[in-house]
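Heads up, there are several structures right after this.
Heads up, the next two complexes both have subunit A, just with different partners, subunit B and then subunit C.
After this line comes the complex of A and B, so read on.
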């Protein structure tokens, strides 16, 4: 590893992300990795190492790594961390940066497309609408317009009659 | 300790509690509650006959509960004075005849159940505070399972086990099966260096204590496998690195990485530790028959009792704050009170002895001449003008002013206790207090001289002697450019700058005024700058009411090391100054004259108009 290949501003960039503030206080005690359930199944996954690489400024190496997407957000690492780094949140910040840089894994991208097209990840079918009818709730139809209007992505679509709430 | 007990000039008061303290250097009055021992000290020969017959069995505190003691006991074999003591909470008593077995057994007849607590009043010249520390309780660190796994011990428990006088006569045994463990693992920094659970600071002794324990284990049991899990080994003292090297040479494994969790093997009751070895970058599983948590130390709860009695300060870590971290490390801010040992911060034995010797020498230096030379910068109250309102007594950080509000005698400043901050003089509504060497007249003359010609171009600055004035000095020495039209007026403390000085500066045509002092917690007069802060906020409110822009009075905390900051603040002041027009200054003069500010040095009746 050459120092010239490192980007010292990378850790500041992570620290500016919501949840990424803790990265600079890590003193590599390794309690996070020792407690990590993912690491115990997949030895290559080592949150301490990922954080160290990020602090050293190995931007491309960190953002392109498929390992950052393995974090299961169980927060065990945050619990044992003496320095209050909040490793899970830092990794989420790193994941956001990776997605912005175009490194999101195919499955994640597919989910994002699904969400954009339908406003939900799971299809609402007859089964769900029958259950809703039993509880006296109006049926739900595929209508991505609702959430897009909520997010200000497009003007509010006129609601079809009969679907009150 | 036995030497101290025998020394003719040392009186040991054990089993005693300080209940009140008052006074000042050379004349402290201390009240001590000497609790009843129920055994006559001079007569008891510590033969132990009484212990044999005592029927009450309770856990032994000295052995951290690993053994038991009786209700009549000696805390530990070398305890001074060498006499037994009855634990009043546990003893069955003797009347009406319940037990009294010890009385029958004692040949010297030195057990006296009629003994009562004694209240002693001591007159002392100086005080050394050596309140010690408490051991961190690792219960909250659930991942180590201290409460779940029997074979997880604290370093203090191991210390008792390995001691030849301890509960197992020096045999290191597991609590679950009393077998000698084949492998022992140490975990460092338990409760230390943690921003979240435990203490943020390094406890200073645990690394070396662990290294010493590993060497002892290796000496007693050469075959034993010993591992130490650490973040950093801090072997920084004389001979420490050598000891660390010896420990490694003896075969102790040092593994950099803190285990995330300790699990127990239900069959063997052994422990399984998962750790990320940062040297090999591999996730490893280690087994150990016994795990020792190297626990840190923290200030004891009762510290605040003494703190309140002697007007001491605490640093953010909870230990007492010394008068100066480098130049007065054993002095407290209150004159005549010194610190020794862990009261001031975590320390090992050597450092504690060093500090205790220094504290004793510092105390001696004060006491030996029989007289105390104090700085001439002290406050003095004019009993004629004093209205006995009690404000000065309230604001004095050193409790140096005796005054009873409502009736009573006029305020009186104790020159031995006064350190000369001048807060009382600034707050006195009757202008009855003269602050020698920093009198109202002297400071007013400086304000007038500062603004004599071209007042609009000047920036008067009130700077405290210790931090802000030194900060300005530092800016100069470091050759940092700052506007040349600033004019410094030095006071000992920012607390000296009264409202009237500010009004005077504005009424003389000052466009802006800066008041600067030490940062909170750094004030060289304990907390006098808190009064500065309150006062400035009060002035800002008044300025708003009068129709003056409060921005024209600025308050900044600048330390002696912040030359750069001083220069920056001055740049900002210059920008503010440039924004004040001559019309605004003229209007300010009119407004202040109408409001009668600054108030004249006169009796309070005239003051009320202001």
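After this line comes the complex of A and C, so read on.
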């Protein structure tokens, strides 16, 4: 690893994100890794190593790594960390930076569009409400107005055929 | 007693047996669960991509729900975790709160600190109480053993879920199982995540996460696994056949919702509790209620 390839400001960039502050106190004890249910099945996913790379300033390597998306957000690491790093939250901060840099999987934008269209991740139409009524459950409505405003997205016209999600 | 039901996105479409049994059990315990049409998504799905926007969506839900003055009761652990974390964040960080208020104001909404969010399981344990539940038990489930699955966001992060269970040695769900007279199993992978959080990113990994729990419980020959979250249900019930095939293992673990077994123990019928919709049938359990 060459120092010239490292960006020493990266850890500060992470620390400026909500929940990212904890990265500065990590002393690499690997309690997070020891308690990680993902790492125990997939050793190449190692939260301690990801945080180390981030602290060293390996910006592109971290942000472009598909491994950062394997955090299951279970918060085990946050519970056992002696430095209160809140590793799950630091990884969320890193994922947010990766998304801003264009490295996120496309599902994020697809979900945002779905929320702008329906206010819910799963649509509720007549079919769903009929099924609910059969069980004596009250109808559920879609109220996407606020979601469009907060997401800054208008509900979309149907995309022409051939265009991906 | 009154509380505000927070259905979220998944339960009212995919987990009708959970919703049905939750409503029935609450009513049986004298809790009136109110509905509010404005409540939609809690914001969780966007958190990994853009947590500022996710927080705005959570704050919107909390502002709507908070206007009732009632305790907000989600059935989904992701909704419960997200709303609890958002309320905690907004209540403790005036700068963030002011920023969020600026975005909510044009919608005619205001977040007022102090909105109380309790996952249904926590609400039943703390606000209704084991004593009141025990008084309603008319058909004890003494002959059955259930494996609790706590999942992640009922308990964690513990700095937010102040004063509740210990995530490293949890007992809350076991106590809610034992109040029915049944045994709650302690097992090796008791505390582990279902894998639902990585299902989208790595299906194979998610399957192995759920699979190790399912394999252990197949060996243990429990009556059923008890879940309190629609995503955990996706992994353990919805994906069970796929996981068994992939791992080449004999896996057979019935999956039920906490409210379904509470309901049975209170004398409600399997039909009233939506057991028809359970996909891996708890045959041993249902045979006792024919």
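In the analysis below, the second predicted complex is superposed on the first by the 123 of 165 C-alpha atoms of A that agree within 3 Å, B and C clash if a C-alpha of one lies under 4 Å from a C-alpha of the other, contacts with A are read in each partner's own complex, and residues count from 1 in each chain.
Following the convention adopted for this analysis, contacts are C-beta pairs under 8 Å (C-beta built on N, C-alpha and C of every residue); 3 or more make two chains touch, one makes a residue touch a chain.
These numbers were taken from a predicted model, which means no experiment stands behind them.
Applying the stated contact rule after C-alpha superposition, one finds that A:46 touches subunit B and leaves subunit C untouched. Between subunit B and subunit C, C contacts the larger number of subunit A residues. After overlaying the two complexes on the shared chain, residue contacts for A:76 are found with subunit B and with subunit C alike. With both structures placed on the common chain, the touch criterion links A:6 to neither subunit B nor subunit C.
When the shared chain is aligned, subunit B comes close enough to touch A:32, but subunit C does not. Shared-chain residue A:15: touches no atom of subunit B or subunit C.
In the superposition on chain A, the residues of subunit A touched by subunit B in one structure and by subunit C in the other are 76, 79-80. For subunit A in complex with subunit B, the residues that touch the partner chain are 25, 27-36, 39-40, 43, 46, 48-49, 76, 79-84. Put simply, subunit A touches subunit C in their complex at residues 17-19, 37-38, 41-42, 66, 69-76, 78-80, 86, 88, 92-93, 95-96, 99, 104-105, 107-109, 111-112, 115, 118-124, 128, 131-132, 135-138, 140-144, 146-147, 149-151. By the touch criterion stated above, subunit B contacts subunit A in their complex at residues 143, 189, 193-198, 231-232, 256-261, 274-278, 281-283.
Within the complex formed with subunit A, the subunit C residues making contact are 7, 9-10, 12-14, 16, 19-20, 23, 35, 37-38, 40-41, 45-53, 55-57, 60, 89, 96, 103, 106-107, 109, 152-153, 156-159, 167-168, 192-193, 195-198, 200-202, 205, 208-209, 212, 274.
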